[in-house]
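Order as written gives the chain letters A, B and C; numbering starts at 1 within each chain.
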Amino acid sequence: MRSKLFVPGARPELFAKALASDADAISIDLEDAVPDDRKAEARDAVRAFLASEAALRSGKQLIVRVNALGSPHFEADLRAVACASLSLVNLPKIESAADVQRAAAVLAHAQTLGRCEGSDIRLLANIETPRALRAAHEIAAAHPKLWGLQLGLGDLFEPHGIDRRTPANVHAAMFAVAMAAAEAGVACCDGAFPDLQDEAGLRAEAQMSRALGFVGKSCIHPRQVAVCNEAFRPDAEKLAQARRIVDAAAQATAQGRGAFVVDGKMIDAPFLARARRLLAIHDEKKK
Amino acid sequence: MRSKLFVPGARPELFAKALASDADAISIDLEDAVPDDRKAEARDAVRAFLASEAALRSGKQLIVRVNALGSPHFEADLRAVACASLSLVNLPKIESAADVQRAAAVLAHAQTLGRCEGSDIRLLANIETPRALRAAHEIAAAHPKLWGLQLGLGDLFEPHGIDRRTPANVHAAMFAVAMAAAEAGVACCDGAFPDLQDEAGLRAEAQMSRALGFVGKSCIHPRQVAVCNEAFRPDAEKLAQARRIVDAAAQATAQGRGAFVVDGKMIDAPFLARARRLLAIHDEKKK
Amino acid sequence: MRSKLFVPGARPELFAKALASDADAISIDLEDAVPDDRKAEARDAVRAFLASEAALRSGKQLIVRVNALGSPHFEADLRAVACASLSLVNLPKIESAADVQRAAAVLAHAQTLGRCEGSDIRLLANIETPRALRAAHEIAAAHPKLWGLQLGLGDLFEPHGIDRRTPANVHAAMFAVAMAAAEAGVACCDGAFPDLQDEAGLRAEAQMSRALGFVGKSCIHPRQVAVCNEAFRPDAEKLAQARRIVDAAAQATAQGRGAFVVDGKMIDAPFLARARRLLAIHDEKKK
């Protein structure tokens, strides 16, 4: 899920266009992009889209950002979207493990009502307040249905006058999310880069989060997709090195040695684990 | 409170000079700048100064850094300074929510004794030990009288051999304080830059903390005031952009659209909140 | 302990060579560097080495990294190494205060069995998982036998796809460990730099951790020792400045002044504490 293209829920004419893009995932928004008096209309449009042949056959990850837990729209949103083609429910403004657990319960109920209990719909929790950043490790470990954490820098920084374009600020928030996701063994996704004109800025931010283990990044416009797909693509030289490491490990084991050196680096257990994981991701992609 | 000029409590001849400076606030120190055998004398001088016409009419924020909670001077300090002209009591070496609550109780008692219960004297807690940095979110949320957090890098870093001039070290501590203050909804103030000769270093540090939402910075000499006033001044281009954002929001609402674009950036709720906050601060300043 | 040279426990022919190096400490590894079917053999070699005249007379700090608490090797490892010449037991994969306390109990028992109860063998806990990084302050304060924290970036980052060569990633982990060690008043040690060919990278990383108060760095090859000894050496100019600060403090006290200025910097309590600590370390080294 290198790129996740954002589509306003109130603009169903864009859904097919998004499916035709090169984004690995589509994230339809029922929250901030939809004014209060159009929530029901947008929800119905999303429900119809998710049930369409185009959605079912798209091969893309389909995600819906619902309205916040505690808003009057949350339960109706989940009932509308809990169906076979949905991959992830994106939960805004999560601040505790209890929030995730409540959302999981509402989702399970919606799946029962919608007769899609068998579908593996999972949760993607937004980390977008200072409280959430502090509690990120609890949120990440809150429920087996939680698939990952999504960083939301605009909400995290802007209301507090924190500059979202200072790389050190961005890195500090990313590092906290990366550690929380790593501890719980869930994925972490980078949020959107807001300046559509600044491709170099987008690329630098994508490289920063990729270097912290994030799997991909949100895009607010199709023109951002290619940069993200490129930034989160496994690197051929790293794949070749990973193969050398795995081969050398097999040799070392055969010879009864523990540590060994590849390309001038001492390779121990975590390096080897990383090399194996990289190759596994790559092999999966080729299928 | 862009600039906060530090004045040793044992040097009352400097108080009038500090009032005449361009600093937004004056912070008189009864702690480290006053040797033990001159504590009582300094305290009396500060009491007299705070009761003076010059202080009452100054229009500056008046702050006193008292001796630490638990020192033999703490209660006497609070009784001396709790009076109408005081804005903030600056508390050194705070390490827990309980510390803030004890200080608030002593302050309330001192205000009763001094017959200034009606004055809105508030607390500024120093974050200047590793324990305090870890507990900063609890300290920030400890009591309604707490106005803000003040970062003290000298005490936080120097005893542990941590270099206070390495920007990454400084940023990491600032980020933790910024997040704690943001979560509790209180202000955060940057500490003093110790090298009087290095104006570029002072400016860079002020810009770093401003980009993290800090409201201002301590000054240990009047020559540092102008740099801080400049660094923490709202920027004309940002103000103009904020006005464009607020205007575009009004239009979007009128047209029933949720999200909208200003200057090539998708504007959602937190951007809009920040724009409104910036304009509010500016309008307040012009009055 | 500026440099700590890593030696695989399964290669006893390297032990004497390591003693002859310029490293301040030798760290013999019984964990990742020793395959499972050679654990007993390596343990016996280390036991013999620690009891040798060469080890007892070496003047170096001798450290053994044992297998993880909970592994079948942990207790046997401790029984083998708990003897008079050992300085530190290096504990891998520590994740909580309880882990440290269990290790301390096993060590005490091993010292009784080995009749070296009087030896001051202490613990060095590796911080090398996200959970450990989050709990580092509890781990650091867990037991009086704990001497310090050791950062292990390979294990912390590699399994999660976090790039260990991005300086901002490295700094964020180092800062967390530095704060935890500082709060508990224990030492912190930097881990190994994995690229033997990249001396500039090694030097930059050593300077980064030194600026965060780390006392030294692990070396995976003798050629890394000189760079670490240099990077963690007290700097002559800083020592001279420390002496000026201590002298000026004596003068200020004699004259009843609290704060004073040295080389254009306002010197207060933490600066003075740091100056005194630097001089103490230096004086100790000269003995």
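One rule holds in what follows: a residue touches a chain if its C-beta (ideal position, glycine included) is under 8 Å from a C-beta of that chain, and two chains touch if they have at least 3 such contacts.
All values derive from a computational prediction rather than experimental measurement.
Enquirer: Quickly list, by label, the chains bordering both chain B and chain C.
Expert: Shared contacts of chain B and chain C: A.
Enquirer: Rounded to a multiple of 5, how large is the rotation, in degrees, that superposes the C-alpha trace of chain A on chain C?
Expert: C-alpha superposition angle, chain A on chain C: 120 degrees.
Enquirer: Roughly how many whole angstrom separate the Cα centroids of chain A and chain B?
Expert: 38
Enquirer: Indicate the residues of chain C shared as contacts by at least two other chains.
Expert: Within chain C, the residues that touch at least two other chains are 168, 172.
Enquirer: Provide the residue numbers of chain B that touch chain C in the complex, in ascending order.
Expert: On the chain B side, the touching residues are 8, 10, 32-35, 37-38, 129-131, 133-134, 154-155, 157-163, 166, 168-169, 172, 192, 194-197, 220.
Enquirer: Which residues of chain A touch chain C once you look at their complex with the stated criterion?
Expert: 137, 168, 171-172, 175, 178-183, 208, 211-213, 253, 256-259, 261, 264-266, 268-271, 273-274, 277
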